[in-house]
Amino acid sequence: MSDSRIAVLGVGLMGADHVARIQSRISGARVAVVNDYVTDKAEQLAASIPGCRAIVDPLDAIADPDVDAVLLATPGPTHEKQLLACLEHGKPVLCEKPLTTDVETSLAVVRREAELGVRLIQVGFMRRFDDEYVELKALIDGGELGDPLLLHCVHRNPAVPDNFDSAMTVRDSLVHEVDVTRFLLGEEVTSIQIVTPTPNPAARQGLFDPLIAILRTAGGKHVDVELFVTTGVAYEVRTELVAEKGSAMIGLDVGLVRKSAPGHWGGTITPSFKERFGRAYDMEIQRWVDAVRRGGITGTYVEGPGAWDGYAATAVCEAGVQALQSGQPVAVSMVERASIQAGWHR
Amino acid sequence: MSDSRIAVLGVGLMGADHVARIQSRISGARVAVVNDYVTDKAEQLAASIPGCRAIVDPLDAIADPDVDAVLLATPGPTHEKQLLACLEHGKPVLCEKPLTTDVETSLAVVRREAELGVRLIQVGFMRRFDDEYVELKALIDGGELGDPLLLHCVHRNPAVPDNFDSAMTVRDSLVHEVDVTRFLLGEEVTSIQIVTPTPNPAARQGLFDPLIAILRTAGGKHVDVELFVTTGVAYEVRTELVAEKGSAMIGLDVGLVRKSAPGHWGGTITPSFKERFGRAYDMEIQRWVDAVRRGGITGTYVEGPGAWDGYAATAVCEAGVQALQSGQPVAVSMVERASIQAGWHR
Amino acid sequence: MSDSRIAVLGVGLMGADHVARIQSRISGARVAVVNDYVTDKAEQLAASIPGCRAIVDPLDAIADPDVDAVLLATPGPTHEKQLLACLEHGKPVLCEKPLTTDVETSLAVVRREAELGVRLIQVGFMRRFDDEYVELKALIDGGELGDPLLLHCVHRNPAVPDNFDSAMTVRDSLVHEVDVTRFLLGEEVTSIQIVTPTPNPAARQGLFDPLIAILRTAGGKHVDVELFVTTGVAYEVRTELVAEKGSAMIGLDVGLVRKSAPGHWGGTITPSFKERFGRAYDMEIQRWVDAVRRGGITGTYVEGPGAWDGYAATAVCEAGVQALQSGQPVAVSMVERASIQAGWHR
Amino acid sequence: MSDSRIAVLGVGLMGADHVARIQSRISGARVAVVNDYVTDKAEQLAASIPGCRAIVDPLDAIADPDVDAVLLATPGPTHEKQLLACLEHGKPVLCEKPLTTDVETSLAVVRREAELGVRLIQVGFMRRFDDEYVELKALIDGGELGDPLLLHCVHRNPAVPDNFDSAMTVRDSLVHEVDVTRFLLGEEVTSIQIVTPTPNPAARQGLFDPLIAILRTAGGKHVDVELFVTTGVAYEVRTELVAEKGSAMIGLDVGLVRKSAPGHWGGTITPSFKERFGRAYDMEIQRWVDAVRRGGITGTYVEGPGAWDGYAATAVCEAGVQALQSGQPVAVSMVERASIQAGWHR
């Protein structure tokens, strides 16, 4: 199966990041088209990617017959029109949040997709793909902790741009917690209250920060969210689930920590080397593939441990097997590296 | 640049895992050839991969002009011959450990590569690509903790196959800690001692388990390693560095934990959403690309939150902005999902 | 200085616990009088304590010339009268919460003490004496984290008696968090809201559990409290402070954990053996004193390591000093314990 | 029962600490006699304690008819003679380690006590009274983790005095781990090896630091101990037990952490408020007793929350009960503190 050809619309911070991701870390796809209202930026980016074109009009990019799917990283106000175009052309689209900037247009998009009868639109709530949220969701669905009762969420940013206002805290930060609530609890949110405590002195005049959002779901579950975007500390996103038979917290920098009867707290040890080092294997192979592809230029086809490292390990282990038998310290015998290394590039 | 064509030699547990990895998670490469001494297995696997052939003789696979690089997951005793063949054909090779099974042949391979003057052989010590080891290495190299003095390593497996003996504990488990020692400390190991305490009652008769390995490096640094392969618990790999100005531990299931003057312990909070959710973005895009590619068959081009989820989030946030102004609870207004969903596949 | 003579009024669960505490762990005081409306219980308890009498009327106990101070563990409705009696007799009194059961009588007691011009009444908010709260208070007062902005509190009980209702959750559980708020923030609470989510199925019919309390202080600080008294798990009391320059959490079962710029989380390592083992020394000496006092009866004056343990340690260390010189394993030489132990009691 | 009269011999750092402990935190005992070879120091200390005398000759102190028991905090070389004197006079004695400074005299003391047939000597291995060691011992004895196999111990000091040498590391630091080994495993140590890695550059010339001690017990169990006394960081004492069915670590600054099948790690949540706040209650009562005793001088009989704090809590909870019914924010109504406080001292 050949790679899917993606048009990335909007190549600002987030869009450019997605372009790099697709080119370097995603298999089965390539960036075929880029588009941005800053046309120069799109042109330059396209030039750096084999087989990639810049297209000036986003609707042309969507319609292009050599585009299989669309990644929308354009500003929110343009989403409605672009999403509807994707639907008309039957192009799958991954749309960075928000779907659209108001409820009416969002609903119109939902209705149009439903009329077409095929699910083409995915929204970029990426937390649903985060290991810890996935683990927490599985813990809930597994039923061991019983019914969920409460969620306590914390969303902290070290700083925000000067133009950031409290409505943005709601629309850009809280929106993730709203989706987390819906994802974890599987219920719609039915009411919301916002508490505005005395603001952080470091917050820009007029910015209510921190905010506390209090949500209630259709099933009467309570969710509170601390939103604090001028902490000066770091990025912290935390969710605690409180359920009938125990609680669990993610985002503590220590993996999922769970408390349940009879009075234990703790987490899970990785069951095998696959879980523990799966990503390391991915990285190892990716780095090696990259080194191999660059090898004609760099003169080395290795990024990582080389033959000498294999030899050294063998020498130590051979001595180790002797030591296992004797119980005494055994000296490791190796040739001088310098006697060999002369022949090597770098 | 077109994808590198990889021959995977040996498609047992580890080799098959690498084949799946290259096909699904590695960009810039594809599996062009597979080989195994169980020829049926190789044939079947090749048939499942577009553009992939099975080749019966590993040396033919290495020599094949349509192979750019070789991944060696064959049994250790065959490595020497296969590595030398890779060198003769100038093919980059990633060799799963061990390099070879004895010191003399390992050295011969090292010498041959050095004579050719180009680094073609990489050895599969994948821990060097693990986030925690990378972080620990960076901490050492950054110099904040001063010179390393000691390493305490723990390597625990829940169970091993029936044919596993103590020499395999040394050659297959300890070998990783040997490489970790050399990687972290940047020094060769000069002596080794093995302590055999009273064995775990659960260990097979004749298996010395746990073992304690005591290494000393060229610079006089001490490394001790607990090797315990019948714990019945889980996979645990832990390294504690003790240095001049503090210590740091990885593998505690809680990220790197560091202790340093004046009497603090702790870790690092993720600085931004990129570090925190980078992998989630990768997963999100990969899942979406996969859904798009399967869409013609499944009838949905979405794996993840869809348009309704975007609409629901918009509706809640819009109510949130009102609540921000009023300070009172605001009901969230949404249409009934059932009024729309009729039109949807799945 | 001779020991203060305490009258303990009310010797139910809490009062009896205080009697035991004063007799066994508190220096400088002894229980001289006990009182309870169940007179038999008081009589029995008094009989078990050297120099202790039971007095039937609590006001007589307060007035007794051989009572220096009063500990009030009687039911709340009796407090007003008893506190006023203590004030009239000039007796210092430690009053378990609540001060009184309604605002008017509480205020009357406050006014009466103020008229007398001497502080005699202490209220039993014992968290102010807990190491973690003390550490958190010191962290706030030290100013490193800047002004406090928010508190997130959690108060969980595994279970409550059948007669427990939601007003008791407020009066008996929330009351501690109210004092914690006032203690940590140094501000009065000016408003309170209670959210009642769908109750835990395990909660008795009619009990709103969990509850969420939302407090606001005079300075506009926000405090939220989860009150959940039917968790079935364990006793969990947690407070997170969010301040201008960082945050800190206590009650996580891992000591105070703090997050502050530049992106670090962590705790404090005990600076010296005094902090680490101070309590162990206390326990050691107390147990030894107890053993000495019981020795005439038990025939042993030791509770803990004995002379043999001292000998064994000396023997190992002496071999250790030899091993330090030789670098080789040194066998430890000791006589057979049985050759000596014959002479010993137990 | 009247208080036991203790003679404290040696009132240097450790002895003086014990004097303070007995006077302020230990019930059932008082310091009746102090002794030190620096006679002025003993005189001064005695003068500060009601009913306490200084006695110049330690043997006179032991023999004194008004001494019930002896606490020995004198230098090790004097222990033999003083212990034998305690035995002759039938006086219970708590002897700070070491029992004596060499194996022969230690054995002589053991034999003499055995001849007398009554256990009078306790040795000051205080870790046996530390909560975490007690919990670890109970975990071992409970049998859930099966037979112990290994101990990994770490003993780190930030710094040592200039006269500290490596033999002292063995005799003063390792000695504790020797007792921990014997206490936890219930077996004698049969051999010992000491590894001397390249020393910490910060260690004084000639001091081998860190040291690694490798012990083997009668049952073939392995114990390794890192001894590092110039870390510059803090006091760290850690023990990891590795057993047949799991492992457990104490001293990580996070309580006992345990790993066991099926792949879980974790600790224990406090079961009830007694365990969680027991010490806080002790502290609360002790501070109150102290305040009561000092009240005639200070003019206040309170150290902690006073009547106002009780009133404020009552006012907030009363508003809370209203808020529970209404679901709306309720303002808290209180009088101005200034209107009352005028009457108060401090």
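In this document, chain identifiers A, B, C and D correspond to the written order of the chains, with residue numbering beginning at 1 in each.
Note that in this section a residue touches a chain if its C-beta (ideal position, glycine included) is under 8 Å from a C-beta of that chain, and two chains touch if they have at least 3 such contacts.
Just so you know, these numbers come straight off a predicted model, no measurement behind them.
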For subunit D, the least number of touch steps when starting out from subunit A: 1
Pair joined by more contacting C-beta pairs (B-C or B-D): B-D
Reference subunit B; chain at largest CA-centroid distance: C
Whole-Å separation of chain centres (CA-atom averages), subunit A against subunit B: 19
Euclidean distance of C-alpha centroids - subunit B vs subunit C, Å: 48
Chain centre separation (subunit B, subunit D; CA means) in Å: 45
Where subunit C touches two or more other chains, by residue: 158, 195, 214, 216, 233-234, 236, 253, 259, 263, 265, 267-271
Complex contacts: residues of subunit B adjacent to subunit C: 258-259, 263-271
Complex contacts: residues of subunit C adjacent to subunit A: 146-147, 149-150, 152, 154, 158, 195, 197-198, 200-202, 210, 212, 214, 216, 219-222, 224, 226, 228, 231-234, 236, 242, 244-247, 253, 259-263, 265
